[in-house]
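Following this line, the structures themselves.
In the two complexes that follow, subunit A is the common piece, with subunit B as its partner first and subunit C second.
Then we have the complex of A and B:
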């Protein structure tokens, strides 16, 4: 009995969590932020990654296993974005609540993805059979995910289902107003051409009517080569691209190189919540993204 | 026209054959005539049915067109109506989560298949066939490996959820045990999926969770071969038939505790004592992050066995204690783009038993003793540091050392020591090439300088690796 008490004390010393609130593990900060919008204080959110990390290649770190172990719900982009680490976290954590069923929420299951490859062959680079998983940059898709997520939170925590729906209604109103504002503000971006680092921006481009004319990565997930960058100089100049886009976590060197050789500015966009000072939540993420694009779109 | 002519002539030829085979009587002719009529009637019926079906199909098509048009109209109004409709358009349709028609296909539930291909070129300054390590017999599958070109650990693994409660994995590998080439069931186990509160049970054949490297497949290693203590004390990697219980604590710091029961047949155990439960292990691991840029994992483990005639000739009680520690630093935690990995493991091996010359070893005529006591302690350790320059390159250094016993069947006053350096070039997550140089002193005044060139690739299912 004494031994048990000592053991319990040791566990407390390592930080056992009070199980009052719903514990949510968000693979990416944008979904953590969305859970916060919908649940408020009713959920404790652990984000597995930061805006400065490449979520394609995260390692199944012990700290993440510990977080998944305690989670009542995991919220991730899905579409195989986390295939290199999430399955390992779930298998190691021994937490059946999130292994499948209601506790396992993949945002990609709630929306339609773009760029589903017609041919699956790794010689095409790091392609995702279930389509492009970077859909957090489309506010309509974020809203669709929010609806499904509020329902899921209610399913897991029926006592607070009404609260989640109320938060969703509030979020929806604010979000739709914000969308109108962003769309009005970003009108000058329509029809403008961009070069991107990785194929991360298709949803943003589709939403704002921008056109992608090239990517620094020769194939998705393959680091930029000097030969490929050189081949982009003429394309970038001739098409009158207005910006070279990259995410906060990406290596700035290839974009800067192309910028130097073409005079087209390279822009670092937050890409997710926490990607810059302004992106403190989902609203800030889109505010900042559009401000940064407009700043170079003269 | 041509085709019908051909059909006609073929028919004629066939008919000709038939007639030639047995000349018909008039009764036969009548019967045939009746059958043809019947067939004609049937044919007419079928034609009518086909026409009806065709009409139905065209009606259905017309209806479909109508539906499409109306749907388009609603879509247009919806799009005009509000942003909510736009959201609906990007939402997955409810039926999208239902399995596709492919579900009827027998292959739809095939397990994920991953293939690892691995090969080496090695050049050793000492002939590997004559390799002797002071104080530590070289058991099958360990040691310097082959001179020249050879196939490395190449394997196929299948994995899938079995049902709602179990996950299964099978790994079959190519094996070359001193010329005995074949395939081996490397791992074949089931895991539980639904035990509550952080518990996991594994049963089957699997690599023990002791230490750090032991449970990792060699294709995730940072060097071409396993460190000396893994070779000497675990035969590269200890796996056996058994069962494992693991528990992960519900704490902020990662804490894992567990134990295993094994048959006790594979090195360093042998003989499957205690009615086939000859070995057991205990392990504990802890880990966490320090800021966004540092992660660590450390543990202590023990393997205890009652052994009869292991591959190194030992029988008796053997206990192996391990301590492992890993520290990874990478700017912002992007370990694939840069940073340093430091790892060390310490081994303490305790034996109380006797040595019998294995049957496949020739007895030294000058020292024909067949059995002698083997009591004592031996130790081993390695330390490796790998610096990741970028997504493509890493370079590493490893120091490994064994401390021999100066009594018993393998007395040595020299402790084997080795230094290795490596450089790895990765084209993608799925392929790498590695160049390694090792300076190995297995005996006093004997040095094996070795150069290795290795390829290692993964085909098929995208693996999710352990930390």
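Then we have the complex of A and C:
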């Protein structure tokens, strides 16, 4: 009898999906976390990637196709971040609900991106013609995405539209309070200079008023040359950068190398939900990011 | 355990892609093994990738057939070069192939310094993603495989020199883009290696059976265990190769020990 109860619990926990719930496929964990804030139990969220993966490239697994196949809504960063795999994934899943229209939600369509090139030139590296897609590190843009996402959830599931709006209002209040706290806490970072690994921190820098003085990958996706590294050592030392920033998924070697040659500490930031122990949700992500920056800013 | 991925709609196209690759690679693999030039597929694939990157540097559109043609031309040129070295320095063919591999790979890196978008194609060519295969990709590969198999059949008695390297270059260029270098290498070498010592047509049948078993169990396991399909298939191919080897060994031992009883049983 006891065994039967355990078995039933396991079935309930894993086997039976809530038939009423919306199935949401989130390309990145930060959007999965946002859907969870806005929908609660009204949606089942599958995340396509984790914080320790490079979202530009992912391995094809059968489960990914299965997740997109049963999804009612796909939520991704967009701006060509997932261009290497999302189109194939959606084509392979053959699910018309998420191929376009209401079931296809690109966060980049809800905000304005930075670093949108005025002209497309291959010589500038692996640039994104639709601007820099790593905008999850700007809390104001996250809030704008949340508003649009709550409306989209209501459109797909009109019966619960009021619930989504209620969750949105609650999230907005908590988020705005949190932003005030983060901004107050991060005030000492204003005007400080950083060197980055990949060009993925522009939104965080703009928000906190930090200045980016160099990058290990001068052109995104292209390995640095020795001349570039030599000048980067000079710049990092002379301009008094306080940190070398990299994301949890990135190879620590280049940052450690620069740190050794300059004495400037390299900091691994979570970059998205799940990137470290503290980043269990969007709030934890920003808490952890600011704590880690302040720890080396002394 | 994950049963969601166990869906013919998801695994079907990948399985067909695998069978198409096997159809040409099993017979070619026996040639490759007999000649002792097992790294030739890596070299040809790298040369094809180099061709793609060169074409883009020269302004060929990165989508469409221009890229495919560039890859095929580069691969055929690489095949011609290897034919020439094979004739000129037959004893050093394997080290020369290795050198061609590293030159093509690093040549791509040097060119990529100014053409970052080629990097995506380079990665596609090398890693390949068998699950992303679409029906529109399968049709041209099916036609090409049929042509290559026909050519191999027609010239089966004198499949050497430029004919072998040319056919090989075309087969590799198509299959690498479909399933990636790791799977191409495994499809070529493992079935051939598992069936050494078996003679004639029976060897081909055993090698095909090994390959098909490897692909099917690999796809099913990758769905159930939720692991990347390409890497999983490489391991199941190796597993099936070992099982095939053991079966062949035990069959030949029982034939050798009791020839009379085996004859009677027949």
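Basically, the second predicted complex is superposed on the first by the 272 of 298 C-alpha atoms of A that agree within 3 Å, B and C clash if a C-alpha of one lies under 4 Å from a C-alpha of the other, contacts with A are read in each partner's own complex, and residues count from 1 in each chain.
Keep in mind that, in the parts below, a residue touches a chain if its C-beta (ideal position, glycine included) is under 8 Å from a C-beta of that chain, and two chains touch if they have at least 3 such contacts.
From a predicted model like this one, the values you see are computed outputs, not experimental measurements.
Superposition model on subunit A: subunit B and subunit C are shown in a clashing arrangement. Using the contact criterion defined above for the overlaid structures, shared-chain residue A:151 touches neither subunit B nor subunit C, since it reaches no partner.
Once the two complexes are overlaid on the shared chain, A:109 sits against subunit B while remaining clear of subunit C.
Contacts of A:91 after superposition: both subunit B and subunit C are touched.
In the superposition on chain A, contact of A:53 is made with subunit B only, not with subunit C.
Of the two partners subunit B and subunit C, more residues of subunit A are touched by B. Legend: residue contacts after superposition of the two complexes on their common chain; A:176 is shown touching subunit B, with no touch to subunit C. Of the two partner chains, neither subunit B nor subunit C is touched by A:161. By the touch criterion stated above, A:61 is placed in contact with subunit B and with subunit C alike. Looking at the shared chain after the overlay, A:297 reaches neither subunit B nor subunit C. Touch criterion not met for A:239: it reaches neither subunit B nor subunit C.
Remark: of the candidate stretches 27-35, 45-53, 279-287 or 351-359 in subunit B, the one overlapping subunit C after superposition on chain A is 279-287. Applying the stated touch rule to the two superposed structures, the overlap between the subunit B and subunit C interfaces on subunit A comprises residues 57, 59-63, 65-66, 69-70, 84-85, 88, 91-92, 94, 122, 126, 221-223. Within the complex formed with subunit A, the residues of subunit B that make contact are 82-84, 86-93, 96-97, 164, 167, 191, 193-200, 246-255, 285-289, 292, 295-297, 328, 332-337, 390-392, 428-430, 462-467.
Residues 57, 59-63, 65-67, 69-70, 84-85, 88-89, 91-92, 94, 122-123, 125-126, 219-223, 225 of subunit A are the ones touching subunit C in the complex. Across the interface of their complex, subunit B is touched by residues 11, 14-17, 49-50, 52-54, 57-63, 65-66, 69-70, 80, 83-88, 91-96, 99-100, 109-112, 122, 126, 138, 140-141, 143-144, 147-148, 172, 176, 179-180, 221-223, 249, 251 of subunit A. Across the complex, subunit A is touched by residues 2, 4-7, 9-11, 13, 109, 112-117, 119-120, 123, 129-132, 134, 219, 222-223, 226-231 of subunit C.
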